[in-house]
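The following blocks contain the structures, represented as structure tokens.
Each of the next two complexes has chain A plus one more chain, namely chain B in the first and chain C in the second.
== the complex of A and B ==
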């Protein structure tokens, strides 16, 4: 188990290196003078421009800028925002809690919808419920998350007037209420794919010989489905759910923007719109690192669920 | 999803003999998913090509006095905030939606297919290195990197399609590679080699044709993903720029007037769902047809 974790941790190094390099050069190879961009259209003396270049190290050669940037990064320093004159790290850490809450709530909602739905539709194949679940999965996978958001706003905020449609509330219970609709939106989008995978994994498990044996022994249908089949269907379900958790963060960007939540995603999008490069770099790399760590967590979880992974090499 | 599709293709009839083609169409006609999806896709292509004949009004010029007019006689699907005809904008929006997504997938195929075949055919260290590299990229949501690209090069349909196309390369390359790995070991490839045929002939005559069907299946599903990604970029104001008609930007504009004129957001959102659904169904259907074993599930 420890070996599995260590080898997986080692593979993170080249991955993070690749991502940081790509993001750095992408942002620095663009035409135009970043110092001028920072001041916008404002008039500025050449001396002041020079000062800005010095302050943001834009006067150094590119490889040197890169080296200094990586070394800062390793010390947890993500640079300063061009627009807000604040540390990028502070900006990210301020916005992080709301994004994390949104992601965790949505993830729980998606599993709460997808796993029971997938199990029931596999156990009662071709029933009306199975057909309904299939249609739900297909539509959910085809609807952009921001359109699902708009539909839910129309229903729950405008028609029924149950839930607020914008903002993150004033902390505590109010914040929770404000997060319900965004989380439901993202949860439904994710549930679409997980339902499909749960169903097909369960169908596969239910057609195995040991299920026949269990039936022949006269075990109750419920116990066969939940104990024998589900345990064997768990690996594909965890795989997809884990991958989903990573993509959840990207979905969160869109959902935050739609509901005006002001999380990490909104920070990134606003930075892209005004070309605040240090923030774009910092937020992208931060999200990337989060994403990679979650994938690592999923890999380790396999080892817990499936002993074969722990002992043998993975294909 | 791409992997399943690739596996599906591996079992597909390889040579395009007349009998296997007619068999393919016979099975295709009996597959409801493929037929519905194919119908939607055909309709989208038709609308995109003949948009200027089908649209009742100019999609970029509006009557301010008709701002947010509800669906009715003069505006079948109503008017938007600037008094522009929503139906005409939807019709013209098909072009950027379908065209953009096709461009994304075309770019990823033009780079990915040769790259995948090359890596698998040469094998060894090179294959290892290339595969490792794209495995890293695969672990990543393309949209996230697309944000960084837009930050660097500015918004626009062509730029975002180009960026997404490059970010989709690993998905296509992986499929081409897995097919090539199998075909390389086939007896007929060995025979071709024994007969002294060059690498070029082996690749073009034997390996490339076998890549086609799995690549087509994956493409259809990738077009659906590309549509969603492009719509997301436009929705965020990073893709197609106003006043050009596009479903993603229409949805963003519609959200601002959601309370008073929900028809703008609803019609553009439903257009996206329908289009993505069409390509998803077609891809699923094609996979069922090319791999009956999976289709029975």
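== the complex of A and C ==
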């Protein structure tokens, strides 16, 4: 187990290097003069423009800018935002909590929808409930997150006026209420796939011989499904759910934008729009690192649930 | 007691003893639940269950009325505190210090916190604010005398040194702020005349300079704060305004509270202002409907009609000091020929473009860049070019390009108005055998192209003046020395216009100056350097629970928080 973690951590190094390089040059390929955008375009004196270029190293050749940026990065310095003139690290850390809350909350909602729905579908195959769950999964998976978001806003805020659609509230209960709609949006999208996986895994588990044996022993149906089948179906569910947690961070970008949540996602989108290179680079790398680490965590968890993974590595 | 007072009393009550208010709500809720079980067995069935859950939501949501009307729970979750004004911004601010405030998100916030030496009234005329009087004795000199007894929100008095330090901050090369040009272009030199007065001497005459100190470039902040915070000033704004800064949750919310030492007696009427950052237009519109937002800017064009129909919102509309038009390259063939420019203008049915594409978004330009309500406009004397295809064809036949030509039209995309306009114009010019290729650019690419100035043929763009003066829509766009990288994108050059605009800068007589600007517009309209399209409207939806503020063309310099009042008071 320790070896698995160490190997995976070591592969992080070349991977992060690759990501930084790609991100840097990709970002600088986008046309647009950041110095000019920084001051708004219309009016500026040449001296003023020159000051900005100097202050943000925009007057140097690209390879030199890259070298300086990487060396800063190794010192834990993500640079300064062109637009907000604040350390990128501060900007990211300021906004991280809300993105994490949104992700965790959505994740819980998605599991709360998907696992029971998947189990019921599998246990009552081809019933109207199963068909309903299939339709839900199909709709949830095909509707883009921002569309689901607008739909939920129109229903729950605009029409019914039940739930707020703006911001993250003032902590505690208020925050919970404010996060309901955004989390539901993400949760539904995620639940779609997890429902299907749960269903397939459960169907497979329920057709195994040991289930027949359990039935033959006269165990209650509920106990068979929840105790015997579910435990064995859990491995694929955890794998997929874990992978999805990584994608959640990406989905959060769009949801935050729609619900006016000041998380990492809205930071990134706004930065792209104004060519705020340091923020785009910093946030992308941060998200990439987070994604890799979460996947590592899932791999470890996978080993915990299924002992075969733990020992299989040595065979 | 009005409804608002009632709510305030409830708020106060809850503030004194939140636990008690909660207990009251809970017991009322439980009483309701008991009653409902009596005549409806199994109330936890799906339908009643959700109503119960909703009631619980409402009961916990923070209103004393919640438990009594449990079937529309959201009303309490969504309802705003009656002592707070909530404003929806379309993006996060870049910072909250005046030197960096030159956009539609930072300005509405900053203008509540700090104030300028002067201000604009609703018609755009200058009025005293922190300066009680000002003079403009010769074209190069401006003096401002500070009002007595004004303090910053921390209680320290405003001194003339604060004024000088604030202006220096706007121009500081290290700050590299977007407003520095206002002082740097005319070469302003600021000096202290006495303890109450500053004198600003310009190197080149600039009539527009009179407006600078009424913008955020003239906001006064404490010298001590500049020294204390340095680069962090943008997160620690302070000023003399009716509200003072409380906190900025990056990307989501900015909170202000009443400045208790505000120098204008009895203002502001509200205790707090909250700016919510809501990037998605549909969400802002929803917020207006539910009451989560009471004011908002940048409503998506396709949702204006929806907002107009809301019964809880008034949609204020004012024509901006803006021009949307197509600059033609007057310095190069084919548009260096006046006949070609005229032909193109006659071939376009502007009226149909207005009715079918622009609609409520703007008003038709009268062959000038200066809208009718902007001081110094020639709109009353000029007329839009009528659609006359025969005349267009005849002019084309007489021109240097009788057989037509190929050209390009650069436009920012995506845009619900500009792109359809470009397509309509492309279509219209086919009649003259002009083949227009539409070049769709992102905003950033357009800025880069404008800066480089090497566009081909035609460029559709928008301009707006920061000042209530025709010169603001003429000098940057038509003075020959302002060709790219400045903003004379048409490369327009006319000696008479140059002379009139230059003279107007030094003219102290208001009426004479106005006449010069009108004359310049007439010459420009004869030369047809552009296709003048429309002047854009500004929209400000405001909840009917608010009153006291009327949207102005220069709303982004307005301190609306000073005059806003609850409608019921």
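Convention: the second predicted complex is superposed on the first by the 274 of 315 C-alpha atoms of A that agree within 3 Å, B and C clash if a C-alpha of one lies under 4 Å from a C-alpha of the other, contacts with A are read in each partner's own complex, and residues count from 1 in each chain.
Everything that follows uses one rule, which is that a residue touches a chain if its C-beta (ideal position, glycine included) is under 8 Å from a C-beta of that chain, and two chains touch if they have at least 3 such contacts.
Bear in mind that the values here come from a model prediction, so they are computed numbers and not experimental data.
Enquirer: Look at A:160 in the shared chain and tell me whether it touches chain B only, chain C only, both, or neither; answer first, second, both or neither.
Expert: A:160 sits against chain C, while chain B stays out of touch.
Enquirer: Pick one for A:150: touches chain B only (first), chain C only (second), both, or neither.
Expert: After superposition on chain A, A:150 lies in contact with both partners, chain B and chain C.
Enquirer: Once the shared chain is lined up, is A:142 touching chain B (first), chain C (second), both, or neither of them?
Expert: First partner only, chain B.
Enquirer: A:52 in the overlay: touching chain B, chain C, both, or neither? Say first, second, both or neither.
Expert: second
Enquirer: Between chain B (first) and chain C (second), which, if any, makes contact with A:297: first, second, both or neither?
Expert: Touch status of A:297: no partner.
Enquirer: Is A:242 touching the first partner chain B, the second partner chain C, both, or neither of them?
Expert: In the superposed model, A:242 contacts neither chain B nor chain C.
Enquirer: In the overlaid three-chain picture, which partner chain does A:275 touch, first (chain B) or second (chain C), both, or neither?
Expert: Both partners.
Enquirer: Per the contact definition in the header, classify A:258: touching chain B only (first), chain C only (second), both, or neither.
Expert: both
Enquirer: Show me the chain A residues, by the header's touch rule, that chain B contacts in one structure and chain C contacts in the other.
Expert: Correct list for chain A: 30, 150, 153-154, 158, 257-258, 269, 273, 275.
Enquirer: Which of the residues in chain C come into contact with chain A in the complex?
Expert: Going through chain C, the ones touching chain A are 54, 57, 60-62, 72-75, 77-78, 88, 91-92, 94-95, 100, 102-103, 173-174, 176-178, 180-182, 184-185, 231, 234-235, 249-253, 276-280, 282-284, 286-287, 289-290, 292-293, 442-445, 447-448, 450-451, 463, 476, 487.
Enquirer: Sort out for me which residues of chain A touch chain C in the complex.
Expert: Its residues touching chain C are 30-33, 36-45, 47-48, 51-52, 55, 83-86, 91, 94-95, 98, 150, 153-154, 156-158, 160-168, 173-174, 177, 257-263, 266-267, 269-270, 273-275.
Enquirer: For chain A, which residues are in contact with chain B within the complex?
Expert: So the residues of chain A in touch with chain B come to 14-15, 18-19, 22-23, 26-27, 29-30, 138-139, 141-144, 146-147, 150-151, 153-154, 158, 200, 203, 246-247, 249-250, 253-254, 257-258, 268-269, 271-273, 275, 277, 280-281, 284, 287-288, 291-292, 295.
Enquirer: Which residues of chain B touch chain A once you look at their complex with the stated criterion?
Expert: 133, 136, 139-141, 143-145, 147-153, 224, 228, 231-232, 235-238, 248, 251, 254-255, 258-259, 262, 265-266, 269, 272-273, 276-277, 280-281, 297
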